[in-house]
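Report on one structure; see the data block that follows.
Chain lettering (A, B and C) follows the sequence in which the chains are written, and residue indices restart at 1 in each chain.
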Amino acid sequence: MTRIRFQQSLDDLKENLLVMAGLAEQAIQRAIEAYRVRDLSICDLVSRSEIAINRLERDIDQAALDLLAMEQPMAIDLRFILAVIKINADLERVGDAAKSISDRVRNMDQMAVADLPVDIPRMASLATDMVRRCLQSFIEADPEMARTVLTMDDAVDAMNRAAYKALTKVMAEQGHIAPQALNALMICRSLERVADHATNIAEDVIFWVKGADVRHHKIAGGGRDPQAGR
Amino acid sequence: MAKGNKIRERMRAVTDHAATGLAVLSTLLVVAPLVAIFVYLVYKGASSLNLAFFTELPKPEGETGGGMANAILGSGVLLGVASCIGIPIGIGGGIFLAEFGRGTKLANAIRFTADVLNGVPSIVMGVAAYALIVKPQNHIIPFSGHFSAFSGGVALGIMMIPTVCRTTEEMLLMVPHAVREAALALGVPNWRSVLSITVKTASPGIITGCMLAFARVAGETAPLIFTALGNQFWSASLDRPIAALPLQIYVYALSPYDDLHRLAWGGALVLIVLIVLAVSLVRFVAGRGVLKGAS
Amino acid sequence: MGVGIEVTNLNAWYGANHTLQDINLNIPANHATALIGPSGCGKSTFVRCLNRMHETNPIARVTGTVRIGDLDIYEDAKPVEIRRRVGMVFQRPNPFPTMSIYDNVAAGLKLNGYHNRRVLDEIVEKSLKNSALWDEVKDDLKKKSGASLSGGQQQRLCIARALAVDPEVLLMDEPASALDPVSTSKIEDLIFQLKTQYTIVIVTHNMQQAARVAEKTGFFLNGRMVEFDSTHKIFTNPSDKRTEDYITGRFG
């Protein structure tokens, strides 16, 4: 086998991306835990990991750029590096979403606890499940697992729409807990974003492994076409 | 360690200088006889070179003066005939061997024959020409039945063939295959490509081969003894005996007269100079056609 | 105008060596098609079968059909005729060393009997312009020999020489492999322009070059054609694993 150094560089790139993925996944989980137990020290942890995530994003982009310039990758190698660059950006945004959630938690710390008609923990668990799955599909280069992530996005979207309806009603009718409702709405939006990023990552995995571009393949009725790219 | 290296360095330098010295010495050893001959010829022969030498016939024995004009003319005629025979056949043979007959049994036979012919002593060549042309009395062979310039020319011509042929073959083989391919890829037929491209590219080398052969036979004497025979008078006819410089030099050198010896020395000098001039002229004319930067 | 080339069941031998096995492909007209593959895979042999140049080797043999346009080049024509319709440019530039630039370009015509001065002048100028060499040599056409130009210029001269006989197809066997990057780019730009008038087949083992100039690419391996598809597909998502191994450099 030739190009051993190149293969090593590709392996290193994958590994760094996985480190970053780990940090992003951990950030989301911490942010949700902070919401659950209203612990501000956990919010500090999230802020710190944000810095590490940003640094890693720059490093990974640089490494990918170097490989493109120096090694003239073709076919699957090219698709892999392209996928890494895109997944890199999505993971950074996941980190941003985690920070956003932890900021909401800080904000809500001063407010009274309100009983809101949204099941944020459930939405959060769906979103984090999607993140875990898409990363697993990347580690194992498994497009079928990636495909399952695509179908889960609909559920999260539905929950987000329902939350929007319910919380706007609360803000209109129960003005005294409007701030809490607003914060909760923003948390839901962040979670929906996390789910979207997980979906993007899954699409990138399918692109890398199969060379098929499955983005934006929505069938009539708004659902995602799981047959796309087969 | 360093000291060992230094000694080795010095040994290497000494060996280098010694080898260079040997090479220079060898060159001098080779060139010296040539120079010596030429200097001696000039010394002995220059005094007999006057206008008469180049314009007059030899005087009858015993008389002083006279020249070798007829021998110069005669050599010219003989070499002309020889070239007309030797060069076309030689070049044709060379082209066949290099381009059309590669690897065939016929080509191998031709090459073998040429090599053998090259080794035939020149006197034997003269005898062969005598047997083929001078002796037979029939109407098939031109100018047969008597001594003639033609038979001398034929003998010399046949001697030219092997050199011209082998040199032509070698020069053609040196033309890069890429040049041939370029011509073929243009849709040029093979025979045309050979003549117009390959031969043309090899022409400097081929011309050199012809000149080598020419210079060699210009000085041959033995083949002319039983063919051209020699002639005391003006003659440029192919049908009769003709004078030739080398032949004349031979005859005069063996004669008892000092005057003729003097002429012989002059003749030898003239022969060498004429050969050098002829070769230079050909080089000059051929070189005129070469373009700027061409190989 | 270029014509398409249709190859059916082409097999080629050099003596006992079965160099090409069952090659089938259609080369589109007025496009550039690249042939890639490792050394010894038969791509050069294949290209030489397209203008019957492989026959210059006495132990070469071919079976199968090659149609250029509607002409079966093995049944319906002689090699010399074919080579006037299918031009070739070689890996190492090979201008005729004893000829001037003008004579080099005109060689194909002159050696085939065309001697009309004015027509030759026009054709020489047109060919040199088509090969992007005119401006650099127009003042020295008859004074400088073909061999006195730089490597990149010599190769463009060879292209002009091939174009002068007005072929329909131009075969290029690794035309830029002996050239520096600037000359290579010039040749590649040239191919882009020439595509509109001729059908071009280019053998290369520089894959980036194939990717840059050709619409279709064929991958040869051990005398067989493994995959033939649009260049885009071959280089981003080839169908055959052997193709992928070759182009990602994981070969062997």
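As a convention for this text, contacts are C-beta pairs under 8 Å (C-beta built on N, C-alpha and C of every residue); 3 or more make two chains touch, one makes a residue touch a chain.
Nothing here was measured: the structure is a model prediction, and the numbers come from that model.
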item	value
Both-way neighbours, i.e. chains that touch subunit C and touch subunit A	none
Distance-maximising chain from subunit A - centres being C-alpha averages	B
Chain whose Cα centroid lies nearest the overall Cα centroid	C
Chain centre separation in whole Å, for subunit C relative to subunit A (CA means)	52
Rounded Å distance, subunit B centre to subunit C centre (Cα mean)	47
Separation of mean Cα positions, subunit B and subunit A [Å, integer]	93
Complex interface listing, subunit C residues touching subunit A	207-208, 235-238, 244, 247-252
Interfacial residue positions of subunit C with respect to subunit B in the complex	51, 53, 56, 80-85, 87-88, 90, 92, 94-100, 107-108, 111-112, 143-145, 147-148, 158, 161-162, 165
Contacting residues of subunit B [partner subunit C, same complex]	176, 178-179, 181-189, 192-193, 196-197, 200-201, 203, 290-295
Subunit A residues within the subunit C interface of the complex	1-3, 6-7, 72-79, 211
